[in-house]
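So that we are looking at the same thing, I have put the structure below in structure tokens.
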Amino acid sequence: MNIHEYQAKEIFRQAGMPVPPGEVATTPDEAEAIARTYGGTVVVKAQVHSGGRGKAGGVKLASTPEEARAHAEAILGMEIRGLTVNRVLVTPAEDIASEAYVGVLMDRKAQAPTFMVSAEGGVDIEEVAATNPDAIRKLTVDPRYGLLPHQAYWLANALYDDPAIIKQAARVIAQLYDAFRSAGASMAEINPLITTPEGEVKAIDAKVTIDDNELFRHPELEALRDTDAEPWAETRAREAGLSFVKLDGDVGCCVNGAGLAMATMDLVKYYGGDPANFLDIGGSSNPEKVVAALEIITADPNVKVILFNIFGGITRCDDVANGIVEATRRIDIKTPIVIRLTGTNEEEALRILEEAGFSAFTSMDEVVQKAVELAAGA
Amino acid sequence: MNIHEYQAKEIFRQAGMPVPPGEVATTPDEAEAIARTYGGTVVVKAQVHSGGRGKAGGVKLASTPEEARAHAEAILGMEIRGLTVNRVLVTPAEDIASEAYVGVLMDRKAQAPTFMVSAEGGVDIEEVAATNPDAIRKLTVDPRYGLLPHQAYWLANALYDDPAIIKQAARVIAQLYDAFRSAGASMAEINPLITTPEGEVKAIDAKVTIDDNELFRHPELEALRDTDAEPWAETRAREAGLSFVKLDGDVGCCVNGAGLAMATMDLVKYYGGDPANFLDIGGSSNPEKVVAALEIITADPNVKVILFNIFGGITRCDDVANGIVEATRRIDIKTPIVIRLTGTNEEEALRILEEAGFSAFTSMDEVVQKAVELAAGA
Amino acid sequence: MSIFIDENTRLIVQGITGRDGSFHTAQMMEYGTAVVAGVTPGKGGQTFEGPGGRTVPIFNTMDEAVAETGANTSVIYVPPAFAAGAILEAADAGIELIVAITEGIPVQDMARAHAFARDRGARVLGPNCPGLISPGKSKVGILPAQIVTPGPVGVISRSGTLTYEAVYQLTTAGIGQTTCVGIGGDPLIGTNFVDCLEAFAADADTKAIVMIGEIGGTDEQEAAAWVREHLDKPVVGFIAGQTAPPGRRMGHAGAIISGSAGTAEEKMQCFAENGIAVAKRPADIVGLVREAMGL
Amino acid sequence: MSIFIDENTRLIVQGITGRDGSFHTAQMMEYGTAVVAGVTPGKGGQTFEGPGGRTVPIFNTMDEAVAETGANTSVIYVPPAFAAGAILEAADAGIELIVAITEGIPVQDMARAHAFARDRGARVLGPNCPGLISPGKSKVGILPAQIVTPGPVGVISRSGTLTYEAVYQLTTAGIGQTTCVGIGGDPLIGTNFVDCLEAFAADADTKAIVMIGEIGGTDEQEAAAWVREHLDKPVVGFIAGQTAPPGRRMGHAGAIISGSAGTAEEKMQCFAENGIAVAKRPADIVGLVREAMGL
């Protein structure tokens, strides 16, 4: 789960990190009022789940409250990489002597959290990694011991020469790890970590991604989710325990398992069709999920055919069949439905579907070809 | 550092453990008043740094406040294993269905905290270990992972059959480990951990030993130290950073290093003398420590001779010599002093001592023989 | 022969009394897996009623279950909040192969659990995986038994149902399997492609390998490099996610395309460069296997 | 020859700028130890001025110090609150032998530090120990150099100054040492009697061993059993604490008599039963060593 910069900063503050103050505005009036309370120059920053905000014009310096208001007016409602900006963060501008990058993320290969720090901060770290990998110092945290004090110091030692600043930065790095741990994050990043001309270290941008699997432990973090920032269908899918991604095609896909879902989309394309979505109904066998899936798919006016591709393992085919039957009773579905069911309890499932008047396939290629055909003919 | 039962219980309560209420009284009046507020039967328990309180008559059941008063009167001032009782804990009596033992201590061989639990609670665990070792289940905690939930459950599973009670006990065991960790303990023990007829698990006795080396991290625990319960000399020694144990002989010993101190005492005995104390001035070379050591030794009226045995490593002989000279200037010492100094900077030390009018030995056997001779002749 | 599980597998089901646990225990017993014990804390002493009147004793702890039954393998169906703890318990009890079916285990829990399993010398398969099956010998997990048949092909896959698809097509075409392994789609998995390739390389009965990957990460690329350097058995590969738009999450964290690395195109090309026959759609797998084996 | 340290020892002093650290660094350099670097966070780039105009570079981190100097050994003089951290840093930097002089390190810190050192394959000597000296070759720690001389006896001791006493008497009697090791008196030490005995057993130049124990614990008994089973070199033993009253703490946690185990009497008897010659007082050690070596 992505959260906004201002929310990530609050997590950082709770970990004791030096984060400048800031308040969120949803209107130009609010932005102006906040800028007035801070006095001096402020930064108005688009709060949106995307990088590249600066390049897109979503981050502006304002030397007066009126200017802050004008910037907020321009930024609110702006689209950045397809996402609408609904909130801006207004925060006092800081004098910057140097900018560094400090981040920690869960590394697949090391099977452990891995830090990356670079004295080249304020820029895209992937770019630094590609063009100047020696400018990045990496450290894998042994999850049995956590980040050790000397390791935090060693990372900080790569960024600065001044002992007093190294010590502050080492503390910030240790706190970042604590925040990463306690928030159940899969990624936490400060970019840039700045030093001021007075020799203070401050985190002036913050990015945190929460591991969705941790949310049961962190109801307070679930509350940070910005559902305004996502389409209705994604919210509905998440609440029903489905994985859903909207695409531009006309073949609505409902598949169990992410891999099979992707392979189904690929096959739609292979046979000349265009998938309308990725939708994984997951590994459990809850008929309610099928109902939700059908609601989500049929809400897309582009969808001309609904394609089920279910291979039963934990998901029992009879449950899926019951779900389809129940869903079609509850919602009025005009779109044609083609179904492929194979695996655990498939005979029972086929019986249920046939009793309800559906016809079902057992071959993936056949069902996909049929769906593409129906979409083209509709 | 030993702390009292009521203090250990407070640590347990902070860890969330089910500990019945209780208050401390230093007078029979207070004990009676406390018993009255609880109503019903109470237990009056001597608070003293020693086991075997029950056998010594230091734990009594009182069915009325008046009886509580009478028991407190008998227990306060009582001597248990040489220690005077200055406080009693008054706590409501619990109905006991079963008694178990649960303890954790730092194990030398495993180099890790080790749990011991036994369904035979309320008795001396060393006795159980000696007579019925199979009745004890042991578990070494991997310090890299801490006590894992399944391990706490496994320990509890050895104590009870009822799933609801096992679950409660597992939680108490996990909390005991947290308390052990957070208090910087070297030992933490519940004996007994009881079940009530209603199926509740409660810790009705508590024993915690704090690792002295942790006290710099725990100023709040240092405040728990009961200096009333120890002689002046031990308090003075601790404050000066010395290790001191009073004995019954007449040869006052001042040695650097615990091993050499013990060997010196052994040698005093070997030559027919009797050591008055164990005193280790430690590994650092602070003249103030020597001053404190002389104050402590000369405060013992039995001491007929003071024997220094210093072998310099980290402790530099010149510092010790300076300390002796300074101490003899500050305090009026009538007792004869014999000194043996060898090791780092020994020439300089001998020069200092000779300038101050002392004569010094370099052989341990010689200086001990001389000390024993002086003590016998005095 | 086969890899990881066979007729000597003695299995404990952790979470045997839950809905999924009990359903799949019955399925595994039906298939012939030696399910020797179940573990559910608080239900020790009870009995699981399996198919055909067979029963399985239930214990409170893995330690008791292993001591009483001599089990060497466990499968985990407990809820996400307790699943990493179940892995720790299994590894602590001396289990050699721990198959973690549970989906949704926090990734930080898994980092610790994997470290612990390594320390204890246990192999973890998964989590968030369908388990594995050695046709005719043993089935551990949730793979549907009716789609497999004994034979010479080893199957490794990151996804669950897509594995079934591929295996089903092999079986339908009369090509059997030594072992089918679903390694799971989570970011931190215990057994990866290379681990499975090593095991299949050492298995004399395995004559060809089918490897089914996904977008995201670089596990497939490492596997391809390993194939080129170490393996003299033919490999057929498939990658799901050719139509996935970059930067979007497709169902699980393992399938994020980050930057240039991890696209289906890149992986398919890497397969081809390292001598792995690449299937364009699942239905092509059978033909390529036939070709590779000279059938 | 010698054990643990010799002419190839390249030493880093952790906490080189402190009072004890700087004093003993000078002493070690004076003796000829190759002190190649010092580490004090925040003082990197400065220089330690040693005896005879020799200088030692100071680094912020062990990692830099090891990379720049190829050190294999470190000695720790940092305060108790940071000493366990210094051990972790040394082990993490690939140091093979870490000699922890610091007294007063919390025992729970040491439990973690020992586990970490084991994981990293580093040997810890101590903590709360005087270090070790291989006469004529290298000295690491605080043992006074003037009391040792090269020769055929290996010395192992739990206490600091009592070691000096014994070594001093050997030297005065003209009996030199291969290596003198103070293993430290803390409850959790990294290198114990048996570890040292194993090393001395493998050292051809060591012809006899002096082992100085204390009351408390059972390390001496385990050492005695090892001697009987594995060692064909003569051993002379001494135990301090014959006059200690039971149940009282004598200076450090290692010296508590708990119950019947760990009294001086019990240990001396155990020594005698396992073929170790027992000295009644330190002055007897020399005679017993002479006898054992047939001098």
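Order of writing sets the chain letters: A, B, C and D. Residues in each chain are counted from 1.
Simple rule for what comes next: contacts are C-beta pairs under 8 Å (C-beta built on N, C-alpha and C of every residue); 3 or more make two chains touch, one makes a residue touch a chain.
Every value quoted in this text rests on a predicted model; they were computed, and no experiment measured them.
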Among the remaining chains, which ones contact both chain A and chain D? B
Which chains does chain B share as contact partners with chain C? A
Which chain is most remote from chain D in terms of Cα centres? A
Per the C-alpha centroid definition, the whole-Å distance linking chain C and chain D comes out as 50
From the C-alpha centre of chain B to that of chain D, how far is it in Å? 27
Between chain B and chain A, distance of the C-alpha-averaged centres to the nearest whole Å: 55
Got the chain B residues that touch at least 2 other chains? 142, 144-145
At which residue positions does chain D touch at least two other chains? 112, 116, 119
Report the topology of the inter-chain touch graph, choosing from line, ring, star, complete and other. other
Of all possible chain pairs, which ones touch? A-B, A-C, A-D, B-C, B-D
Taking the complex as given, what residues does chain B use to touch chain D? 106, 108-109, 111-113, 126, 142-144, 181, 184, 186, 211-214, 216-217, 243, 245, 247, 255-263, 265-270, 275, 278, 280, 282-284, 310-316, 342-344, 364-365
For chain D, which residues count as touching chain B in their complex? 20, 23-24, 27, 80-81, 101, 103-108, 110-112, 114-116, 119, 130, 142-144, 146-147, 157-165, 168, 185, 187-188, 212, 214-215, 217-219, 238, 240-245, 248-255, 259, 264, 280-283
Per the contact definition, I'd like the list of chain A residues that touch chain B in the complex. 144-145
Residue ranges of chain B touching chain C (in the complex, touch as defined): 142, 144-145, 148-151, 153-154, 157, 163-164, 166-167
Complex contacts: residues of chain D adjacent to chain A: 41-44, 60-64, 85-86, 88-89, 92, 112, 116, 119
